[in-house]
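These are the structures in question, set out in turn.
Across the two complexes that follow, chain A remains constant while its partner is chain B and subsequently chain C.
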Partner chain A sequence: MRLELRDIRHIYSPGAPFEIEALRGVSLAVEPGEVLGILGGTGSGKSTLVQHMNLLLEPTSGDVLVDGADAATLKKSELRRRVGLVFQFPEAALFAPTVAEDVAFAPRRLGLDEDEVERRVTESLKLLGAEHLKDRSPFALSGGEQRRVAIAGVLAMGPEVLVLDEPASGLDPAAREDLLRLIRTLHNTGTSVVLVSHDTDEVAEVADRICVLEKGEVRAIGSPSEVFYTNPEFAPATVQAVAALGEAAWNAGRPVRFDETLRALAQLMEG
Partner chain B sequence: MNRSFGQFYPVASALHTLDPRAKILATALLVLGLFLVDSVAGLALVAATVMALVAASHVPPVTFLRTLRPVAFIVVLTVLFQILFSREGETLFAWGILEVHAGGLRLGLFLGIRILLLVSAAALLTATTAPLALSDGLEDLLSPLKKLRFPAHEVAMMMSIALRFIPTLQEETQKITKAQAARGADFSEGGPLSRVRATIPILIPLTVGAFRRADDLAEAMESRGYRGGEGRTRYRELRFRPRDAIALAVTALVLAGAALL
Partner chain C sequence: MSGSVLRTLADPGSISCESLTYSYPGAVEPALSGVTFEVRAGEYVGVVGPNGGGKSTLLRLLNGLLVADSGIVRIAGRDPTAEPFEVRRRVGMLFQNPENGLVAPFVEDDVAFGMENLGVPHEEMHVRVREAIRAVGLSGYERREPHTLSGGEKQRVALAGLLALEPEILLLDEPTSMLDAAGRRDVMDRMRGVRGEKTILHVTHHLGELLDADRVLVLNGGKLVADVSPERLVLDADLLTGNRLVLPPLSRLATGLGLAATKQRTPEELAQEIRESIRKRTAAR
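After this line comes the complex of A and B, so read on.
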């Protein structure tokens, strides 16, 4: 599906003396099957923005479109199934006595029969490499394991777009690698992924397109090489290294991902 | 941002600058005294005083009333029970098994007004007194009981921590509710039983989170060398000035007058 946000504005506590305009007219689209990276510092409006993608927050003005149709006309439950939203620190919402029960919560809410629920639980736990945890209590797991289970709980709905808000915060490098691998796997199966992060290196590794948010506005949107090479101030280390060497001095293109950059540098050293 | 019951409203007013001990005592007097007031004129006098105090507190009246909203349900329920189940005085109205008697009506309305005034006084206390000042004041007032091994400092500390965490828990509740809504939870459909059941996915993580927070807080306090009330000094010393005594005396007089009316 294609998810489009059109000129979204969001004002918290409108009319009150402490009103805050968190989004000032944001337009962007999540194309079918792509990985869209949303970058931005704290207070840029990232988390407010993603809550509009499944209408957990209603925009003060602007439209959310699902395949061209107004998302507000869809049933809320239908919209939330199709656009799976994983909040920051999603493990804070684990509640069931066992991991399997917790992951089964969302598919049960969809009214699926028990066989199908079980199939989905197994499948999404397997995708996250957590099927061995299924009979454990979610409260007895490590932070990284809890994170996986919480993400599986949203994946079990079978969303067409998966929105991940800072999914790697507080995880160790190995767990972060696993997470990026999951995003690639989902990408290969045709699920769109929105990866929200303040970590440019992480986003650069998996995103097909990048959107940079600043003070509630879209500062830049486009392909990673385009966005990063025109805005080196928030580019990942790879791009900054290439820029420091003098991008024009060599014709290795505009590598962004680590292995691309490595290859380009190797070529440079040989030549 | 929603102001909740018991939250401090930081503006400048004469009430804000009063000694917390005077305010706590005055509130306690009011709460006890209200049950001695048993006439329309007396209740009206107390109500007028409370309203005047709200005006003097510089808390916008609408904001103040909004913080009372959670209590409204309890008040309405109590009043209804009194009116419907008290069989005192002449019958005003009868419909099947429902009977409304004059005595019950009077009792119900009096009780409702008393509860409202009581809650207003308590809300006024917390709105005009910073949590820290409140717990300091309470500790001072309770300190004579230390001789009887009553843990005055600890009780005051527990109270101020509880107050401090009300907004935090509210925020947490909102976050968890949203996370479960994203997983298809619906808190508005079905009968009362299924609605209660729908809150389980919120209450469990909230409780688990509260325990974790308490652990974290205890560790943070210990790592900063906190070891209870013994020999602790204060950055802000409380001073009981003549105006505090006057405020307290006026409260006592108003209540005595209201009780006699």
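After this line comes the complex of A and C, so read on.
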């Protein structure tokens, strides 16, 4: 699926004395099968933006297009199945007595037969490395495990685009690594992923393209090396170090991921 | 050991724990077992370790949200389960997910909420609210509705509400988890501003935030596995890997290039060191 946002504006509390223009005309596309990273500081409009991707929020003006067709003409339930949204701290919504029941909730509501529901539950939990948790209570799990179960619940809907809003926030470094691996796995299965984060290191590791939001506008969009080396202020500290080398690093290329950066700099130092 | 508790009795900002053990109902393994440590008034102590290691459980036991199965907790010499109000007046706690804490229609009401409960006079409340909102860099947000704020802004509102209460002890459970690098620096600078005045226990996954802490406690599997200076922690590869701790990317990059791990540096400083090392190599040829 190709998901396109055209000139999206969003105003909170319109007409009120404290109305806030959270998005000021944002245009971007999520290409089929890509990992799109959305970076931006606190209050830049990231979360508001992604809630337009399945019309959980309606734009004040502008259009959302699914494969070229106006998303507003699709059934809401259909749209929300195809574009799965995982909120910040999704584990807050866990409710069922077992993990398997929790993950089964959404696909069951799609009206799928029980065999299919079970197949999807097993498959999603497996993809997330959480199969062994299926009979446990979601409330007895660690933070990282709960996060994975909550994501499995959305994956079980079989979305074509998976939107993750700050999925690693609060996870320890090991659980965060697991999550980044999961994003790569999903990428290989052809699911498009939108990764929203304030953490440039995280986005640098997995994104095919990056969009930087600032005060409700697109400040930069393109490949990670293009965006980071043109706007080092948004880049990970490791990329900033390469950029700060200037001419001294002219033959180091434009490394972005941590391993690439380490390799390039080590070569530079060895000569 | 019991002597240590007595020694801190009169100290308003002190924390002490002895053989603290707690299991969640129905859990096979205890979430915390035999944890003993002491924090003096004005100390800034980091708490790190993997998810499920017992960090959040510890904070909840300290302010009486949970009751220990066995062991002793003393906050300023008081038992939080026996004197919950006395203790909570002294202890401010900031949770990881700011959504859970925001209750009022406007930001300023939210910041004032805790003080209203404590019966702070109106005049004084206004002053403290304004000051706290300014301190977290949200001046101009007084009449914003919390639901229109981003996660990071909500986190700062929660922090303002906490600071307005003027507690002696701050228990912070990943107070910067939703903040970008600039917001994180802001909050950390604010923490540095109250350093020495307040006792701070700071739970985080970002070791980089604790490089200037007085001490770091490492919790894993419910046990206190280390109580060390940050300088020692960053050099102890076994302690780091054994507890799934990761240095900030820039420090890892420096170590990977054979440069010292201890130093806190900016990207520009690292670039300078690399240039230096290239120059030395070329000169040696």
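One rule holds in what follows: the second predicted complex is superposed on the first by the 268 of 271 C-alpha atoms of A that agree within 3 Å, B and C clash if a C-alpha of one lies under 4 Å from a C-alpha of the other, contacts with A are read in each partner's own complex, and residues count from 1 in each chain.
Assume contacts are C-beta pairs under 8 Å (C-beta built on N, C-alpha and C of every residue); 3 or more make two chains touch, one makes a residue touch a chain.
Computed from a predicted structure; not experimentally measured.
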In the superposed model built on chain A, check whether chain B and chain C fit or clash.
clash
Thinking of the overlay built on chain A, is A:Ser225 touched by chain B (first), by chain C (second), by both, or by neither?
neither
Of the two partner chains, chain B (first) and chain C (second), which one does A:Arg80 touch, if any: first, second, both, or neither?
first
First (chain B), second (chain C), both or neither: which does A:Gly153 touch?
first
Would you sort A:Phe258 into first (chain B), second (chain C), both or neither based on which partner it touches?
second
Could you say whether A:Phe105 touches chain B, chain C, both of them, or neither, answering first, second, both or neither?
first
If we overlay the two complexes on their shared chain A, which of chain B and chain C does A:Ala140 touch? Say first, second, both or neither.
second
Where does A:Phe18 make contact in the superposed view: on chain B (first), on chain C (second), on both, or on neither?
both
Determine, under the contact definition given at the top, whether A:Asn54 touches first (chain B), second (chain C), both, or neither.
first
Of the two partners chain B and chain C, more of chain A gets touched by chain C
Is A:Ala92 in contact with chain B, with chain C, with both, or with neither (first, second, both, neither)?
both
Check each of 59-67, 113-121, 221-229 or 239-247 in chain B against chain C and return the one that clashes.
221-229
Where chain A meets both chain C and chain B, residue numbers
13, 18, 92
Applying the document's contact rule, which stretches of chain C touch chain A when the two form their complex?
24, 26-27, 49-52, 96-97, 99-100, 143-145, 148-153, 156, 174, 177-183, 205, 244-246, 248-250, 252-253, 256-257, 266-268, 270-271, 274-275, 277-278, 281-282
Show which residues of chain A lie in contact with chain B when the two form their complex.
13, 16, 18, 51, 54, 56, 76-77, 80-81, 84-87, 90, 92-96, 105-106, 109-110, 139, 153-154, 157
Can you list the residues on chain A that touch chain C in the complex?
12-13, 17-18, 20, 22, 40-44, 46-47, 88-89, 92, 137, 140, 142-145, 166, 169-176, 198-201, 236-238, 240-245, 248, 258, 261-262, 265-266, 268-269, 271
Write out the stretch or stretches of chain B touching chain A in their complex.
1, 172, 175-176, 178-186, 200-202, 204-205, 208-209
